[in-house]
Every structure is written in C-alpha cells, then in structure tokens.
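Below: a set of structures, written as structure tokens.
Heads up, the next two complexes both have subunit A, just with different partners, subunit B and then subunit C.
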Partner chain A sequence: MFSFIVRRILVSIPLLFLASFIAFILVVNTGDPLEDLRTKQNVPKGQIALQEHRLGLDKPFFERYFSWLGHAIHGDWGRTVKDKAVWDQISRSLGVTLKLVVFAEICSVLIGVTIGIISAVKQYSWFDHGATTGSFLLYSLPVLAVGSFLKFFLAIRLNRLLGREKNPLLKTIGESTANFCNVRKPQNCGFIPATTDFLTHAALPTLTLVLITFAGYARFARATMLETLNADYVRTARAKGLDEKRVILKHAFRNALIPVVTVVSIDFGGLIGGAILTETIFEWKGMGRVLVDAVTKVDPNLLLCWFAVTAIAVVLFNLVADILYAVLDPRIRL
Partner chain B sequence: MNDEVAPILSVKDLTVEFPTDDGVVRAVRGISFDVRPRDVLGVVGESGCGKSVSSMAIMGLLPKSARITGSIKFRDRELIGLKPKEMRAVRGRQIAMVFQDPMTAMNPVYRVGWQLGEAIKAHNKHFDKKQIRSRSIELLNMVGIPQASTRVDNYPHEFSGGMRQRVMIAMAIANNPDVLIADEPTTALDVTVQAQILEMLIDLKDQLDAAIVLITHDLGVVAGITDRMQVMYAGKVVESGTAEDVFYTPRMPYSIGLLGSIPVHTQDPGAGARLKPIGGAPPSLINVPPGCPFSPRCPLSDGTLCETVDPPLLRVGPGHLAACHHSDKLAAMEDPLRLFSAVAE
Partner chain C sequence: MTDHPPIPKPEPASDISEEILLDTLADHDSIEREFTVEQRTQWKTIARRFSRHKPAMVSLVVFTLLVLFAFVGPFLWKFKYDQVLKKPAGASNDWIRPSWTHPFGVQKGYDVLALVMRGTQYSIRIALVVVVLSVTFGVIVGAVAGYFRGGVDNALMRFTDLMLVIPYLAAVAALQRNVKGSTWLYLSFFLAMFAWMGIARVIRGEFLSLREKEFVEAARSVGASAPRIIFRHILPNTIGPIIVNATLAVGAAVLGEAALSFLGLGVKPPDTSLGKIIEVGKGKATTYPNEFWWPVLVLCLISLTINFIGDGLRDAFDPKQNRVRA
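Right, the complex of A and B next:
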C-alpha cells in the first residue's frame, strides 16, 4: 500500500508537468492581458513596456513557461495583472469554495445514497417511482434555473413574508455579510454570530448544489444496489437465516459501497475547481468566480494558478479513490 | 429403503408460478416427494425443468412475485405461508443449502471465518466470539480444509474453487441441519474435484444424520450415491424410483434420453461410442401445451393420446413411478436404452 502511494505520487509528477504545459499553451493564447491598457488613450509607451516586462510578456514562449514553472515550484505563483499576489486570491477563494462544496457534497451523498438504497430495496414501489421521477427532474434541470428559482421565489418571498427585507433570514448575496465584524460592531465577532451569519448565507447555494447533485448519486446507488441485491452471496446470506436488515446492510450495501465511494471521491476532486454557476448566482467569491474573472480579464498568472490547484486536486482525489477502493475491497492489492 | 420411517421433508402438489410481462411462467407444475432422514434424494433434469425453483421454494428464497401453492412440510410443520421471522429460523438451521457456483456464492469482502461465524451466530445468539471462532475452525476441519486455524482468516478469493465449495458446505452444515439441499454442488468444479466433494457430502450426511437433496443435471453424479432419484421435465416429476430402477429399467422415454446423453467408456469402438442427444428443446413454460410435455421430442409419441392427455405419475414397479402412457411398451422392449438410437438408425 505504502509503495503504491509513493509510486502513484511519483507518476503524478510528470503528469502535472504535462498538464501545466498544456494549460500554459491555452492561457498564453487566451488573449492580451494588457488590451485595456493598450486601447486606452494617453498611456505612455514606457508604461505598457514596463507592464509587459513585469508580466513576462516580452519573453519568448519557452523562457516564459520555464520562468513561471520555476517560480511556481518554489511556491511563488506570481502577481495578477492588477499587481496583486495570485496565491492570496486563490487561497481565499479556495476557502470559500470548500465551505460551499464540502457540506453540499456530503449532504448530496448522504441523501442520494439513502434514497438509492431504499429505491433498490423497494424496487418498483411508489417510493421508487417517486424517487426516479424526482431524480430525473432535478437531474435534468440546469443549475441556473434551480438557483434562480430558489433565490427569487423562495428566499426573497420568504424574507418579504417575514417582513425582514432589511435583515433577511436567507441571504442571497455573498458568502458572508460585508464588514460583519468590525470595531463598531464587536457583538458580531463571536463564534455564534459568525456561524449564524455564514449559515444564513450558505443555506441557498448549498441547497442548490444538493438538489442538482444528489439525484445522480441516487440513481447510481440504486443501480449498484440492485446489482448487489441480486448477487449470489446475498442469496447465500438469506439462506443462512440472517434477518433482512443484516442481509441488506452487511452484504448488499457493503458491496454497493465500493463503486459509490470511488465515484464520490473522484467527483470531489472536480469540485475544487468551484461551482461556477452557483457561485455566480449567489455572488460567492469562490474558485468558480476566480476562473470566470481570470478568463474575462485575461489574467495569465491567476489562470495558471487556478489550473495548477485544480489539477493537483484531481490527481490527489483519484489517488484517494484508488486507496479507498483497496481498503473496501480485499481483492484489490495495492 | 426405509419407507416406514416418517418423512422429514414432505412436498405435496407444489406449484410455483411467476407472473411476467409475457404471461405466467409455470416453473413447477405440481410435484410431490418425500425425503426421509439420512436419505439421499437425487433430482435430475435439464436446465429450466424446475429443479432449482422447487428447492428455492423449500428454502423460502423465491422472490415475492412468485406464486406458490401446495404444501411443503418439514416434520409436519407447514413451511408455505410461514412468517418471514419463522422461516428465518428454519433456514440454515433445519434446512440448509449449498449453491452451484462457489466463486460468487461467498461475499468477496469478508473473511471466510466471518462468514462462517455469521451462519453460526444466526442460530446461536448466545455464542461468544471465542466459541464462534473455534466452531468455525472445527467446521473447516470437518470439510477437509488444511490448516483450518489460519485459513479461517483468509478471504474467499484466496481459496481455489473446490476449497471454496468446501467452505460453502461448512457454512451449510454450521447448525447441523436435518436436510441439506445441494443445488448442482459440483457443476462449477473441476472433474477431479467433483468426486471429492460428493464423497465428502456423503461422509457428512452420516456424521450429521442429515438427509440430502442432490440437484444435478449430471446422472453420473447421482448414480453412485443416491438412494432415490427423480427425473424432472418441464416442471413435473416424470419418473422416480431407486437409482437402479431408473438406470436399468427406465419407464419414461425422457429418462432414457438423459441416460443416452452420458458419455460411456466401452471396449468396442462401434457400440455406444456416439452420444445420442434428445432432439428439440423443452417446451416453453408460459403456455404449456396439453398432453405429455415430452411428446414433441418423444420417439414413442402416438400423436393422439400423448398430445392430448398429460400422463399421470403411476406406479410401474415397487417404489418406481413413471409418467408415460407407453411405459408398458418400454417394459416389453428388450433394450429400452436403445430407444433413441433405434429412431436415429
């Protein structure tokens, strides 16, 4: 197991280099980071040249790439077009995204897998039919529709109904109230008010993500569970005289868990890149927003750092998936 | 045989039907048989004849959609219609089962000791961990697993096919069942291992005083070890008797067809070297035509009686029953076993 992990990490290194190179090609060809500056009138030529030099745009392609890579390896992710530290922005956004996706993913998995199991055990019952219909409905709805619906029809109406337009119960903008805790409002600086503030902000985007995600897990869990429920070893378990609860949980579910856990951990790696649409609808400054901003403003260092973080996350969670697979299935030796 | 002894398992007019989109599949169409203590009953027939379905009905393991009628009595206690909880107490304790494919019949993620222990614990709630473990090792020793005390901690995939089937048998005998149903226990195994497994089953039967229902499509398996055998076709018993009755004086053409399908070793390269298959295929069990279900494939079919009246299972000798309108013709034949080759020539 240990040697497998070391081997996998070693194999990941050239993979990440390759990914960074491809990302670099894409980023370089996104556009001109200084277009704004160039199209403005009365900007002295010298200033543009200065900016070009600062961002390394005046160097040839490979020199630019290896210079970026050399700095990145040492943890220096460079500065944005607006001359701010890239890593500060990325790490802040990563924190915001994690707050959103970790809880949403956990909820989606728990709800989805539970529904999937019940659907499989009670196949073709009213519950199964209802869950199938509901799953497909939510699965096929775009995030945009679910998010906007929740924002305008649930939150804003609920707040109005409660007469709390000034201090809404469900916050629809941002991940926390701006200037929530400062010198003038010291009562807001404790753990409880800060948590309450966060939860009222997180409720809607989390609900949005859960609604569009859990359905997929429900379908997947149902399918794998149906397969294991029909397995020979489940019949053997019943033939031993075990009670149905034990047959379903210890035998069918334990085996259905293997593919579910693998899929969930791989999915999780992808979530680090941020929930672009949800973050946009609810104006969270997470990784998804960073990507959108970096692309629209053509900010090469910011984009490259985003790519690097997401690539590492994907590689890492694939490794986690492999390890979990080996832990759950004794037939797999790492 | 010991006909005076009361049967331990008594099946009467058992029918099993499965409603499907294409119609009702009548998988078992009224079978009756008795199993007496320490009996070995062989049940033979080709795939889809209802062998496995009837054994699953006895175990109460059929899906809920199955419609079961008739009677299955274990020591005068009716099993059909038992509450799930009551049936669980019977399963694995009084009637246990060994399945066909030991590769898939064990849960791949648990150690064999855990799976054995689970079977023990299911009917001995008061056992502690130590007792369960020592009983598991004892069971593995009984079925001839070498180094049982270390093998108990292995996973199923660490065993060969034959060894896995031994573990499956250990699981089935964990609670000294009175009836052991073995559904094709050797079909998935190497020929060299088959005989060992069968021999072990018979040994265990004597040790445990259990009765065995041995389901197979391999007449060779049945020949040496069963007291009684019954031949099934299209959801019915078409012939039953001792192995000698069925092998030497078969009174139903289907039994003869099955016998003709076994490879025989012979000194004379001309005779008996070719296998004689039964032409055609068994009827669909959705719309079973009237008359004898075997008549479309039967060289003795008269085209009238055989195709209109389903022959009842009648006595053709002491303890020997057959369902054929023309069993008297077979009795009169000099060599009934040549029935199919006679037609072919």
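Right, the complex of A and C next:
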C-alpha cells in the first residue's frame, strides 16, 4: 500500500513537470504582456526595458522556463504584470472557488447517489423511468443554459414572488455583498449574518453545479447498483434470510459505492478549474475570473500559477481516487 | 492457371434425387410462408435498431432541421446577417422587439434570426472540423498504442495522460489570444488539439482486445503488414465506438466553443458563433430577452439532440443489446 502510494507519486511528478513545460509553451504564445505599455505614447524606452527585465522577457526561452520552475518549486510564484504577488491573488480566488465547489459537490453526490440507488432498487418503476429520463436531460443541458435560466429567469421571478425586489433573497452577483462587514455596519460582522449572506449568494451557483453534475452520478450509481444487486453475494445474503433493507444497504450499496467514490474524486479535481462558466455567469471572483483576466491581459506568471494549481488538483485527486479504490476494495492488492 | 484443364462439374448422384430436390423447391415456393426470411446486412440491422429508438429518431430529425436552418436558412431568409436595419418611419421604439417582420427581434440594427442562423452555422462548422481532426488523430494514436503495445503504448498513453492534465479551456484560450483576423478555423484546430484523448483511450482498449482474435492471427500468418492489419482488419471492427464517440464529440465541441466565446476568449468578429451571440446578448438578458434566449435555446437543442443520437447509436451498435428484436 505504502509503496504503491510512493510509486504513484513518483510517476505523477514527471507528469507535472512535463505539463508545466507545455503550459509554459502555451503561456509564451499567449501574447505580449507589455502590449499596452508599448502602444502607449510617451513611455520611455528605459521603462519598457525595466519591465521586460522584471518579468524575465529579455531572457531566452529555456532560461526563462527554468528560472520560473526553480522559483515555483520553492513556492515563489512570481509577480503579476501589475507587480502584485501572484500567490495572493490565486489563493484568494482558490478559496472562493473551493467554497462553491465543495458545497456543490457534496450536494450533488448526496442527491445523485440517493436517486441512483432508488432507481436501481425499483428498476423499471415510474420513479426509475422519470429519474433516468430527467437525469439524461439535465446531463445533456449546457451549463450556460442552466446557469442563465436560474439567474435571469428563476431568481428574478422568485424574488418578486417573495416581495423582496429591493433586497433580493437570492443574490445573483458575486460571492458576498460588497462592504458587507465594516466599521459602520458592525452588526454584520458576526458569524450568523456572514453565513446568511454567503448562503444567499451561493444558492444559485451551487444549484447550477448540482443540476449539471448530480445527473451523471445518478446514472453511474444506478448502473453500479444494478450490477451489485445481481451479484452472487447479494443472492447469498437474501438466501441467508436477511431482510431486504439490510441486503440493500449493507451488502449491495456498500459495494456499489466503490466506483462512485473514485469518479467523484476525479470529478472534484477537475472542478477546481472547471467551474469557470458557473463562476462567470454569477460573477464570482474565483479561479474562472483569474483565468479570464490572466488571458485577456496576458499575465504570464498569473497564468502559469493558474495552470499549476489546476493541474496539481487534477493529478492529486486522481491519486486520491486510486488510493480510495484500494482502501475500499480489499480485493485490490497494491 | 490457364493451362490447367477446367475442373469438371460433379455429376448429380442420380436423376431421382435431383428431381426430388427440384420438387421440394417448387413445393416450398408454392407454400404460403408464415414469415419471410430476408438477409440483412450488419448496417441494415444497425439502422433498424436505431430507427426503433424513438428519442434518437426525433433528435435526428430536429438536428437535421437545425443543420438546414443554419446552412440553407440564410439563403431563404429576407434579411442578411450584415444588413444594417433602419428604424421604420413612424415606428415606436419597440420595433426591435420580436414582430412578424423580425421574429427574433433586432439587435444593434441587425436581424437576430439572421444572426442566430449564422451563429449556428459557425458553431456546427467549428464542431465538424474539431471532430474530424480529433477523431482522426485519436483513432491513430489509440490504434498504434493498442496494436503495438509495450513501449509504444506506454509512451503514447503517458502522452495522453499528460494532455488530460492540462485544462483544455484554459489552454485553448491561451493559444487563441494571439490569433488575429479570421479566428474560427484556428479555434477549431486548438480545440481539436485538446479533444482527442478520450477517443484514443477507447480505441486503444478495442485494439487491445481485437488484436488477440483469430482473424487477426490469420491475417498475420499470411504475412499481412502491420498497417494492413490495423486499417483493413481491426479498424472496421471498431467503427461502432468511433461513430458513437464522434457523434458525442460534436456536442462537446459545440459546447466547448460556446463556453470559450461566452468568456470572450473564443471567436472574434467578423466570425461569430452561438457562444459569441450569447456573450453579446447577456447584458440585456432581462430587458431584451430575445437576443439572449434564442441562441441559448439553439445551443440546448444541439446538445440534447446530439446526446440522444449518440445514445441511440450506442444501443444500435451494441450487439449485447437485445431489448429490440432486430
């Protein structure tokens, strides 16, 4: 087990190095970070040269790459074009994204697995047909459409219905109210008002993510559950005279959960950099916003750090998935 | 071969037996059969299975209509996408809202129906280029990796893993940033660069199992070359997964392109796409909903129909599937 983990980590490290190299090639080809400065008039040549030197643009490609890599390994992600620390910006937006993604992932796993299990247990019932069709439809809908529908259609009507147009219950912009807690409003600074504020903001984006991801889990959970329900050991359990509830929960469900857990883990790794559309629709200042800013303004260090964080998340959660699989399924020896 | 005497045809054992044979044949012809046996090719079977899948058939019709809407529509519709419209004399400010003359309304002086037609056309064009490129590349990588195994397989699959680690939307956005002028073809290339990994893995799996089959061994034993075995013997047997994955890839490409353009990182004028129109219209989603919701609706329709068609094809190609007698 331990040697497996070490081996997997050792395989992941060169993968990440190669990925960082490809990301570096992409970033170098994104454009000229100092385009604005160059096209502006009355900018002294010396200042441009100074900026070029600060960002390392005057160095040859490989020297630039290895200098960046050397600093990044030591945790120094460099500074943005505007001369701010890259890591500050990334860690702040990573926090925002994690709030959204963790909450949404927990909800969609709970809902998806529950629906999948019920569908499988009552195969070909009206519930199963409804759930299968419904999850297929949701699974096929674009995030763009689901998010826009919730924001522009549902939220407005629901707020009007509740008579709260001035101070809407479901907030559609940002991850928190601007200046919610400051010196003039000390009553807002407690735990409860802050949480309430967060929940009203998080409700719709979370719902968007849940709607598009739970359907996949429901389909998957149904399929694995059907497989275990037809397995020999479930027949044995029934033959022993165990009651049906125990057979389903203890014998079939636990085994059906193993593949689901690994899929959820892999998905979660992808969501760190994959909730871009949801974040953009609801105007959260998460990883999605950083990406759009870094690309449009051509900020090499920021973009490289973004790539690094999302790639590490993907690799890490793939690793977690493998390890979980081994831990949960004793038949797999590593 | 010509100097050999022609091989004499074997004589029938006796005249009687032939007579009986002819008799029975005649008898069979005269009998009203309870059912007719018609030879069906594999493709006919697949087409029959697919045609029994109702949602897939409906989706196929809707998707065909969408393609016609996108490619033939612009020739039939009275307004062109670049035709600047003037406010008619005596009309109120509401003339830009949907009406009989402009069923989808008007956006910044342009007819929205014409814009949506052109956007759909670009979205489908981009998706087709992406799918042709990514499926071709993915199939080649998967086939080579699965057929040769060993070091080749290991190297190609590590490369696939590597490409999967890089977030594709971000990578395409970074590449697309520097493109000037007409952008849709570049965008398709970039999207294709990061879209071939899934199919490569599927095809590799198919090849790994098919290469051990007897017919491949037979081909190898008569001295067929590796490319011949790969392309003439194994590849035709993987046509099912290829078609299913290619279909689903069309939907994924349309959505990927829409996502990028929605973020403002995809196609740039003079090109357009559904995502681009949605991006332009999103600021007025509540005040002038027609500009926003029509392209969103078309996007949903493409995504839904493609997924249903893919589902139908998967059922049709799967020989283990026996829900429908085909």
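Please note the rule applied: the second predicted complex is superposed on the first by the 332 of 334 C-alpha atoms of A that agree within 3 Å, B and C clash if a C-alpha of one lies under 4 Å from a C-alpha of the other, contacts with A are read in each partner's own complex, and residues count from 1 in each chain.
To be clear about the criterion, a residue touches a chain if its C-beta (ideal position, glycine included) is under 8 Å from a C-beta of that chain, and two chains touch if they have at least 3 such contacts.
Remember, predicted model here, so these are calculated numbers, not experimental data.
Participant: If subunit A is used to align the two complexes, do subunit B and subunit C fit next to each other or clash?
Facilitator: fit
Participant: Just to be sure I read the superposition right, which of the two partners does A:22 touch: subunit B = first, subunit C = second, or both, or neither?
Facilitator: Second partner only, subunit C.
Participant: For A:254, select first, second, both or neither according to whether it touches subunit B, subunit C, the two together, or no partner.
Facilitator: First partner only.
Participant: Looking at the overlay, what does A:142 touch: subunit B (first), subunit C (second), both, or neither?
Facilitator: Second partner only, subunit C.
Participant: Once chain A of both complexes is superposed, is A:330 in touch with subunit B (first), subunit C (second), both, or neither?
Facilitator: The first partner, subunit B, only.
Participant: For A:292, is the partner it touches subunit B (first), subunit C (second), both, or none of the two (neither)?
Facilitator: The second partner, subunit C, only.
Participant: With subunit A's C-alpha centre as vertex, what's the angle to subunit B and subunit C, nearest 10 degrees?
Facilitator: Angle at the centre of subunit A: 70 degrees.
Participant: Would you sort A:61 into first (subunit B), second (subunit C), both or neither based on which partner it touches?
Facilitator: A:61 contacts neither subunit B nor subunit C.
Participant: Which chain, subunit B or subunit C, ends up touching more residues of subunit A in the combined arrangement?
Facilitator: If we count touched residues of subunit A for both partners, the winner is C.
Participant: In the overlaid three-chain picture, find the nearest pair of C-alpha atoms across subunit B and subunit C and give that distance in Å.
Facilitator: 7
Participant: Same subunit A residues contacting subunit B and subunit C, which ones?
Facilitator: none
Participant: Would you mind writing out the residues of subunit A in touch with subunit B in their complex?
Facilitator: The touching residues are 231-233, 235-244, 250-251, 254-255, 258, 328-331.
Participant: Over in the complex, which subunit A residues touch subunit C? Could you list them?
Facilitator: 15-16, 18-19, 22-23, 26-27, 29-31, 136-137, 139-145, 148, 151-152, 156, 273-274, 276-277, 280, 288, 291-292, 295-296, 298, 303, 306-307, 310-311, 314-315
Participant: Going by the contact rule set out above, which residues of subunit B touch subunit A in the complex?
Facilitator: Listed in rising order, the residues are 59, 61, 84-85, 88-93, 96-97, 99, 101, 104-109, 118-119, 122-123, 155, 157, 168, 171-172, 174.
Participant: Contact residues on subunit C for subunit A in the complex?
Facilitator: It comes out as residues 158, 161-162, 164-167, 169-171, 173-175, 177-178, 251, 255, 258-259, 262-265, 275, 278, 282, 285-286, 289, 292, 296, 299-300, 303-304, 306-308, 311.
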